[in-house]
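Sharing a structure with you now.
For clarity, chains are labelled A, B and C in written order, and residue numbers in each chain start from 1.
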Amino acid sequence: MAMMKASLLLAFFLLSAGTLARQQRQNWCQINRINALEACGNIQAEAGVTEFWEPDNQLFYCSGVEFIRHRIQPDGLLLPSYVNTPHLAFTEEGKGVLGVVLPGCPETYESSSKQQFSDLSQRRGPRIQDRHQNVQNFNPGDVVAIPAGAAHWIYNDGNTELVVVVFFDTHNNANQLDANRRRFYLAGNPHAHSEQQQGQSQQCHLHPEPYSGNIFNGFDVEFLQEAFNVDRETAEKLQGQRDQRGHIVRVEQDLQIIRPTHSREEQEQEQEQERGRENGFEETVCSLKLKENIDNPAHIDFVNKQAGRISNLNNYKFPILRHLQLSVAKSELYRNAIQSPQWMLNAHNIVYVTHGNMRVQIVNNKGESVFNDELREGQVVVIPQNFAVIKKAGEQGARWVSFRTNDNAITENLVGRVSAIRSLPVDVVANAYQVSREDAQKLKYNQQQTSLFSASSSKGQG
Amino acid sequence: MAMMKASLLLAFFLLSAGTLARQQRQNWCQINRINALEACGNIQAEAGVTEFWEPDNQLFYCSGVEFIRHRIQPDGLLLPSYVNTPHLAFTEEGKGVLGVVLPGCPETYESSSKQQFSDLSQRRGPRIQDRHQNVQNFNPGDVVAIPAGAAHWIYNDGNTELVVVVFFDTHNNANQLDANRRRFYLAGNPHAHSEQQQGQSQQCHLHPEPYSGNIFNGFDVEFLQEAFNVDRETAEKLQGQRDQRGHIVRVEQDLQIIRPTHSREEQEQEQEQERGRENGFEETVCSLKLKENIDNPAHIDFVNKQAGRISNLNNYKFPILRHLQLSVAKSELYRNAIQSPQWMLNAHNIVYVTHGNMRVQIVNNKGESVFNDELREGQVVVIPQNFAVIKKAGEQGARWVSFRTNDNAITENLVGRVSAIRSLPVDVVANAYQVSREDAQKLKYNQQQTSLFSASSSKGQG
Amino acid sequence: MAMMKASLLLAFFLLSAGTLARQQRQNWCQINRINALEACGNIQAEAGVTEFWEPDNQLFYCSGVEFIRHRIQPDGLLLPSYVNTPHLAFTEEGKGVLGVVLPGCPETYESSSKQQFSDLSQRRGPRIQDRHQNVQNFNPGDVVAIPAGAAHWIYNDGNTELVVVVFFDTHNNANQLDANRRRFYLAGNPHAHSEQQQGQSQQCHLHPEPYSGNIFNGFDVEFLQEAFNVDRETAEKLQGQRDQRGHIVRVEQDLQIIRPTHSREEQEQEQEQERGRENGFEETVCSLKLKENIDNPAHIDFVNKQAGRISNLNNYKFPILRHLQLSVAKSELYRNAIQSPQWMLNAHNIVYVTHGNMRVQIVNNKGESVFNDELREGQVVVIPQNFAVIKKAGEQGARWVSFRTNDNAITENLVGRVSAIRSLPVDVVANAYQVSREDAQKLKYNQQQTSLFSASSSKGQG
């Protein structure tokens, strides 16, 4: 019976697939309702937890984005892994060390410089000679850009929880697989420890990360033994089948790595930036700067002492973004201040609130309000390309990070000193809105601030 | 019952989605029949009408293109709006003024130069100081390139109807939403006036533009009041809820805008073009030339006094096309002349006949004639990438505009002075077609004209 | 009844299309099982046969690739045709001549130089003057890059069968049609001779090439007569309706073409390469080098006298690949040698074994072995982007060609002199795999070879 139905169905499909596919595509991303999303599930591990925002959410799916948050305890190590999409990691709290493995690049960090290792070597017996690729210190405000397929690991070397939010772009050209985020671990037994906690206010409909495992597990031990030229026991360790720690493991002693000193890091970064400007991606992949701090005052695009500020990292300021086709901004609105109603011309915009709350309205092409709600700390909302949005901070003000699916996302404000309304001739304004020329001038010029409007300024009139 | 069926269905889907999706994709764009399309519906407004070609047409859908035509009456203003796809607008008849709002670009047109405003100021009382972004005069043959998400408006300042045809590329990389064209109005009440006229010879199956509205309508008035710093009544005007004029409104007095004089415009354009060649898109978005006249003799690619002519705007001649990944050509065939059978290597080709008629045959990869009909004035046909086509003008000759989904669309002619047949060794021709070497030479060399063949030349032989 | 069911279904779809489309997309490329594919069908012709690998295979479909093999007998001519995808052709055996028709490029090969034609002219009566585009000699190891939509033909001028394998990338940006490979013939009657042979060990589920025909067949003879300015009989020959030879025809006498001499070819190619480096694609399409021999020792990337060798053609070595966004490698593993477990960051990898056999394991993101089998001569396997793979040659060693869906495909080895494990700090290794520092050092450093590991070296330990 089921078979019969299936075959009838199939016959129907073969006849009408054209129509159906068209219908589906026309309908499947008609966004009539946007929801603010909170973490809906998590995967626990020995030394931390990863929280997930609904991977099955229609809007995430339509815009091809995903969002997670790692909470790594002190001495926690997120095991090395790679993902089939480019992604941006933003350090919300704490400090750590990050390593990104870039194919074919030299292991430039060598343990020959004694001063860096001396303190550790005494504590733990004989000093081990080591050599590895460069690692990055990771501080609040740091944004790390990780290409698709590049393995990376994170270690919390601080005394407090390290909180990192990560934004994935599954529709990116760099992903030739389907639109599922897939994480390939190089170690451990990622799901050994996993439990979906029931304490969230929203519940994920699907398992938050059904797609990850340790790739060594799929190889025969004999092959690993031969390839690594080690004994069977060590080769079995690569597969981690008896590992119960999950994907974030506790390092029993301090992790001994060759760390960049502050001065060294800055110097390197300057050199890297120089080189990065000269050439294309492939030649300089080893010297590309993968990290930039968005709190660096040099990145402030706009500041209004009464209303707030906006910082921005695009392909000019952070050249690797050109290859990832992503960018990121950090914004703050003070108490009751408003951000100009606006739209983004060439990107989806994924907003994650880090502090406070704000009232947000999002409007689609039909002029319908598809989101009209408070957006609170920890919530995420997707503002699709071209959809109009207005934001008003609450009593505590609001701070948020915005991830964009374009390396040079362009925003058009509807009102303010630099805006669409000012671009229009006054007579176009008057006729479009059926107002007098005098009122048209008010619409164009009454709002004299730019982009962020202080609460007081608005009250001055009307 | 419906629920049960649905759940059975769903179960079936979860099992066989892979197969099904594959089947669908393999089938949904098998084009076995192409139709010439005429306007099938329209949306009326106070001072004009927009005509639509079936948005639901399978071929439009598969090739990701859409096509509309605005007919704007004298003193009609197409309200400011933006669309989620890049598009090209071609002025078929009449004259007008066009404004394209580019984010962050300066308002370079200022009303300080008295000579431009003096004539108007007397008629209408006190002269209003104004400042706005540059506007373009819009004449027959002008092609305007509008990036995705860029707001624009059109005003008919002539004495006759302004007819503008617009080509949209919904599959363009710049559109990150789905394949629906979505228009976001900045003013008015676009559907207030809309009626689908029943007088068309073809009827649209779907509502021609279900996706447009005034974005201000989705914001709370209080927010608009605060953002624009105006009183409630003025803020309500932004929403246009009581506006009954539709999307093309009548300007009661002449629209007072700072107009480019002819000499000013030319000078600017030269400067812009200079600058445009030096840098990338983002740096020069404010100075990029958005308009080019395809009737400019400099753009003629090919002319045959007996057969016709072809003009072409590609990324070299009109640099913004590089960013839109689109191009356009205008062709004319004289009475009974033939265009060489040909195919386009890297683009779909959307043909809109402006004058006369021609016989067109389009052939798919199976060697089947999928279109074989007269194509008349006002009709549109899509020639998919790689499909072969031949055109023969009727007794009145034919003129048409071709929009291409590549900024440097490449055509291969099958015969003529520069053609595939001439590229082949004579012995390849002889063996491929089973003809003698002498006949192979005739196939290669008998047609001595290039691309367009006059009727007389062909009659000389055979 | 069928109608009722259909309409119920449709109603269901209109309600739930969003969910369904999402489900499908989430599921349709979940690759849980990869199969080695052999030729499953073929199309016979007068002077050769084309063999097909299952075009309907899920993995081929998901990764957007297709694979065929032409076997052209001596004096066989593959009729001129073009395809809607870019493709790479690799000569496995034999020698031939290839012509690629590039639109608008001059016919630079002229029969004015007597020495090239003199020997032929006596045998076959009066010498024919001819002029055509350049042609390429085609030898074992040659890779030819053919852009989407570019017509081409192949002639076997040797004494043995010419075997050419061809890789198509249907998901390539250059293909704006759907994901079906479509071949448009310029001559003949491709299916006249076609029979699907039943002797294959695997059977195709679908007809291997349902999509090809002679485009002239879709035009009216009168139009062809007029366009080519020839008599009706000759015009009918273009359509080839009475042609029974199929898509590979026998040339009765030696094909008389103006051939590049060896020195001429080399000189041209050097010049072409020079020019190719200076400019963009469009300006130099006529001078772009379309052929490169992968067996040229200059292309060896890596050689290990005990283990094997790898040659590679990417966008730097073969500039046209930049425009095709494809690349190719040729590898050899000696008896019992192992290739480092590895993954490719930015490309699918399609492996075709030309000699010998090897054991291959492919691992997905869940750590599951999705392929674990012998791969023998003539078999093809797709290794999806980011999936991990290990290969071990059998007793006869193995040689294979790898086609990649990126013009600069990047591989990360898991172990060896340049590898992910060496990039990690020893303490990250120790903690990730729960081993001692000493064992971590063994994991990092025991394998001292690079990429390919000889059988003996591995046996030295463990």
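In the analysis below, contacts are C-beta pairs under 8 Å (C-beta built on N, C-alpha and C of every residue); 3 or more make two chains touch, one makes a residue touch a chain.
Since we're looking at a predicted model, the values are computed, not measured.
A.B. asks: Which rotation angle, from 0 to 180°, best lines up the CA atoms of chain B with chain C, given as a multiple of 5?
C.D. replies: 120
A.B. asks: Could you classify the chain A-chain C contact as same or different, where same means more than half of all interface residue numbers appear on both copies?
C.D. replies: On the two sides of the chain C and chain A interface, the residue numbers are mostly different, under half being shared.
A.B. asks: List the centre-to-centre spacing of chain A and chain C in whole Å, with centres computed as mean CA coordinates.
C.D. replies: 37
A.B. asks: Give the residues of chain C that touch two or more other chains, as numbers and ranges in rising order.
C.D. replies: Expected reply: 9, 20, 25, 28-30.
A.B. asks: Give the list of chain A residues in touch with chain B in this complex.
C.D. replies: Contact set of chain A toward chain B: 2, 5-6, 9-10, 13-14, 17-18, 20-22, 25-26, 28-30, 62-64, 171, 338, 340-341, 343-348, 361-370, 372, 384-386, 388, 390, 392, 405, 408, 410-415, 418, 420-428, 431-435, 437, 439, 441-443, 446-447, 453, 457-458, 460-462.
A.B. asks: Under the touch definition given earlier, write down the residues of chain C that touch chain B in their complex.
C.D. replies: 8-9, 12, 16, 20, 23-25, 27-30, 56, 58, 61, 77, 79-80, 82, 84, 99, 101-105, 107, 109, 128, 130-133, 135, 147-151, 153, 155, 174-180, 182-188, 211-220, 223-232, 234, 237-238, 240, 243, 249, 251-252, 255-258, 282
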